[in-house]
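The structure under discussion appears below in the form of structure tokens.
Every chain is named by a letter (A, B, C and D) in the order it is written, and numbering of its residues begins at 1.
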């Protein structure tokens, strides 16, 4: 779960990471009021879950409350990088001497947290050459220790109070990472203003699997209505722009199914991974969701492991019998309880393919009206 | 620093360790009021920093608020095991099915925390035979894990909800130990009441060296007025019942000095370890403190390492010149800056011994008026 | 021989009294896996499909000589179960459970490294050496003993491919599900040397997918392998920046793309099949 | 030879710019210790008594080949300093600092075990092999090279005893201050085997005190040692239950008493001197 900047900064405050003075506003008037409290000279920052907001015009500066109000009016309800702006963060404007980059992420290859830092912050970190990036792998048993944080600051070329400030923020950021079960937490830019060091921006992506122990965090929902709906069944869904609705069981086979459809000239409408072991009910809900996207055809591709073919068959039959399936449906069904599943479909007048390529060819043909 | 039972239970509550309902009272009336809130049937427990309070008559039971008031009146201001009772804890009376023992301590030999448990709680744990004690050493890198806590509960012969309750309390007690920098935290007895498990008593000794990060804990001062006074200079002092005041530098040599005095027929009045590297000022304060105990003679035994003999000499001269030293003083002074120290004393009309046995013989003779 | 599991494997099932644990214990027993014990805290003394249940892994190790474990414990408790198995000296731990918090997975793997245990998963379908031992949740009937080692990041896709190979007469020496999570105990690089050394294995199939860098890292090792390696990579059509299912399948920062993986593997001499059912054909060619 | 330190020891002083660090650097240099570097974060480039100062231990190791460290850093930062030295690969770390929280001491020692470093202290006066190398805060003039190894729990008391031995013509091979805290890196049992094997050492003196069980544990090893062992134990007159100075000197639960220690040591063949200045006499007897 990604947190908005203003939420991440609340968490940072709780961990004593310095952030600029400021508050979030949902209306232009509120933004003007906050700017007044801050003395007028402010940044108005659209709150969206995408990077590159600055380049996309999502940040405006104002010299007085009226300008801040106007800036907020322009930003609110605008689309920035595909996200509608519902809130702006109004913050004191900073006099910045240097912009750094600091992040803590999960290094899958090393199976450990990694601290990433650069003295070239403020820009898209992908643009920073590898030579200007410092990576320090953390032994999760020992965490990120003060001596490591000092070393990091020195490697960034910092000295004195600024080095101490960056080291202390890095240690606290690691605490955020651990205590908030982050997948990624990032400060870009981490700014130096005289002897002060502040998190000018804040990103905190919390591991979805660990949300159960962070009930105090605000809930942020991402994705389209359908994506959210499918997520609520515990399944994984991504909207695509084709016309063949797809459900398969397992991320790998679902991706492969999309690849094959495309290879056969079809255009998938979505990625829907029904996962392993989904029972009749969630599977039926998933199929209903596919129908909501009004596809030209549906392909269900099941290779049963934990998933039982009979459960899937019953789900299909149930949806057909209750609300109907008004578009062509192609089912490929093999694996656990295959005979039973095929029998259930057959007894309900539905055919099951056993070969993936047959099913793919068939559904592409049906979708193109052949 | 030892916390009183009621303070330790506050900490336990913050870590979700179940404790009996109750509150602390400083007056009989307050105790009666709390008993009324609790429904009348209560235990009134004197709050002292000593074990074995029950046997010493420090716990009374009451069936109604009036009885609780009377019990509190009897206990308050009484001496229990050398401690004056300033407060009582009034708690609901429990219907106890079983009493267990659970503690987490520092195992010096293993250099690790150790969990100690017994199915024979409620009594002095020293009385429990080794065979009935369960000890589990904890790897401080990994902490005390749920599977270890379950194993502990099974080894205690517990099952079902009670086993789960004890395991969960053990995990939380380890969190108390770690997050509160305990040297020792103990629940004796940990009581089973039906399916519930509660900490009927609570002990929490916080590492003095770590108190700087626990500013939110209440301050508990232990010891006599003089002991507290010396502690405030950062030195270590224990009152004994003899008449020769002793100061030396280092715990080992101070103990050895007491041993030697006793061997020569003297009776030490105290243990005062001036530590390593105490400068002139604290040393002078320490000598003044020795005078407050009105000894028959004083022995100062310094083997200078970090401690500099000249600093000690100046401290002695300063005390003599400002407030006077009205009893015989024997000084033994060797080690770092010895010549300088001996010269300072000599120029001020004081003699310094270099051999410990000479100094010891001399002070014992002076104290016995020979 | 085979790798990781064989006839000597004595399995303890953690979470045996749950639905999944009980169901798959039955399937593993049917397959011939030597399931010697189950663990379910507080339920010692019962039996599940004739398998004795213990309160702890240590008791299962002591009482029944268990040397491998499979974990069906729910996600919030699964990491603890794995650490219990590691602490009890179990050498191979297969974590089927999905949705384990990633930081707990890192802790489990660090603990396993310290103690010398091997972690497969989390979020894996398991490990099978056909005809000898199956640990996990894969269908029983799709595998055949034979010369092909399969290392797979995704479950169902690897069933698809294994079933295709079996149908084509290409049996398997060992099939390992590495697990679908971002942080897993074993990667391609950890197992390729064992397959290269395994006398029963004549060729290797990698079932990869977009996201991460496991395939790219594997390429470095493959370049110096004697045995032929064939790969299939899922996710060619995935749009950049979209998360497709589990955390392993994220395309980020221009790395981990289909093109990057295929190019790197091919440069190392791997034949990359462009459709799952073509893996058998390609294998037959490279095995000569 | 000697143990722990010798002419090859290249010392880095952590906290060299502080009062204690600077003072004792001077004394160690005067003694002839090869002090090659100091560390004081943020103060690189300076020199203290001619010793170059670095920002980190890693730089001192890389730049000056430091292989031992002594820590004079204030208590709240000392554990971190020790971990820095361990991480930098320093093999011997002498922690002079007192008042380190006990749980941090346990962490440092666990980290050192993992990485193979030796921790002396915390709250130790240090280690000296007279005439070769001194690391710590003990007076320079009281030691003489010779055949007696001394292992001591308390500082000043061991100075007393070492000075007495030197005066009696009994020099020392190595003197180790184990440290006065309840949890320290080295105990008698960790060093007795090294002294038994050290060709320069002909006899061993243990300077113990009441509290803890280090002396009782040592007795087990001493019983099978070839070299004679003499002990002095402080605290005979201490009343039970009173805390006498540092945490090591607590009598609790009837263990760790003077009587327990003396009885156990004597049973193992140790001669226990009843006054500090008699250690020399007793030594001369047992050394024949």
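What we mean here is this: a contact is a pair of C-beta atoms (placed from the backbone, for glycine too) under 8 Å apart; a residue touches a chain by one contact, two chains touch by 3 or more.
These numbers come from a predicted model, not from an experiment.
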Practice item. Please state whether A-C or B-C has more C-beta contact pairs across its interface. Key: A-C
Review point. Based on CA centres, what chain would you say lies at the far end from subunit C?
Key: B
Point to revise | Whole-Å separation of chain centres (CA-atom averages), subunit C against subunit D | key: 51
Review point. Any idea how many Å lie between the Cα centroids of subunit A and subunit C?
Key: 27
Review point. From the C-alpha centre of subunit A to that of subunit D, how far is it in Å?
Key: 55
Exercise for review: Name the residues of subunit B that each touch 2 or more other chains.
Suggested key: 141-142
Exercise for review: Show which residues of subunit D lie in contact with subunit B when the two form their complex.
Suggested key: 20, 75-76, 98-107, 109-110, 114, 125, 137-139, 142, 152-160, 163, 180, 182-185, 187, 207, 209-210, 212-214, 217, 232, 234-239, 242-249, 253-254, 274-277
Revision key, fill the gap. Per the touch rule, the subunit B residues reaching subunit D in their complex are 106, 108-109, 111-113, 126, 139-141, 178, 181, 183, 207, 209-210, 212, 236, 238, 240, 248-256, 258-263, 268, 271, 273, 276-277, 303-307, 334-336, 355-357
**Study point:** subunit B partner contacts - residues on subunit C that touch it in the complex
**Key:** 41-42, 55-58, 77, 80-81, 83-84, 87, 111
Review point. In the complex formed with subunit C, which residues of subunit B make contact?
Key: 142, 145-148, 150-151, 154, 159-160, 163-164
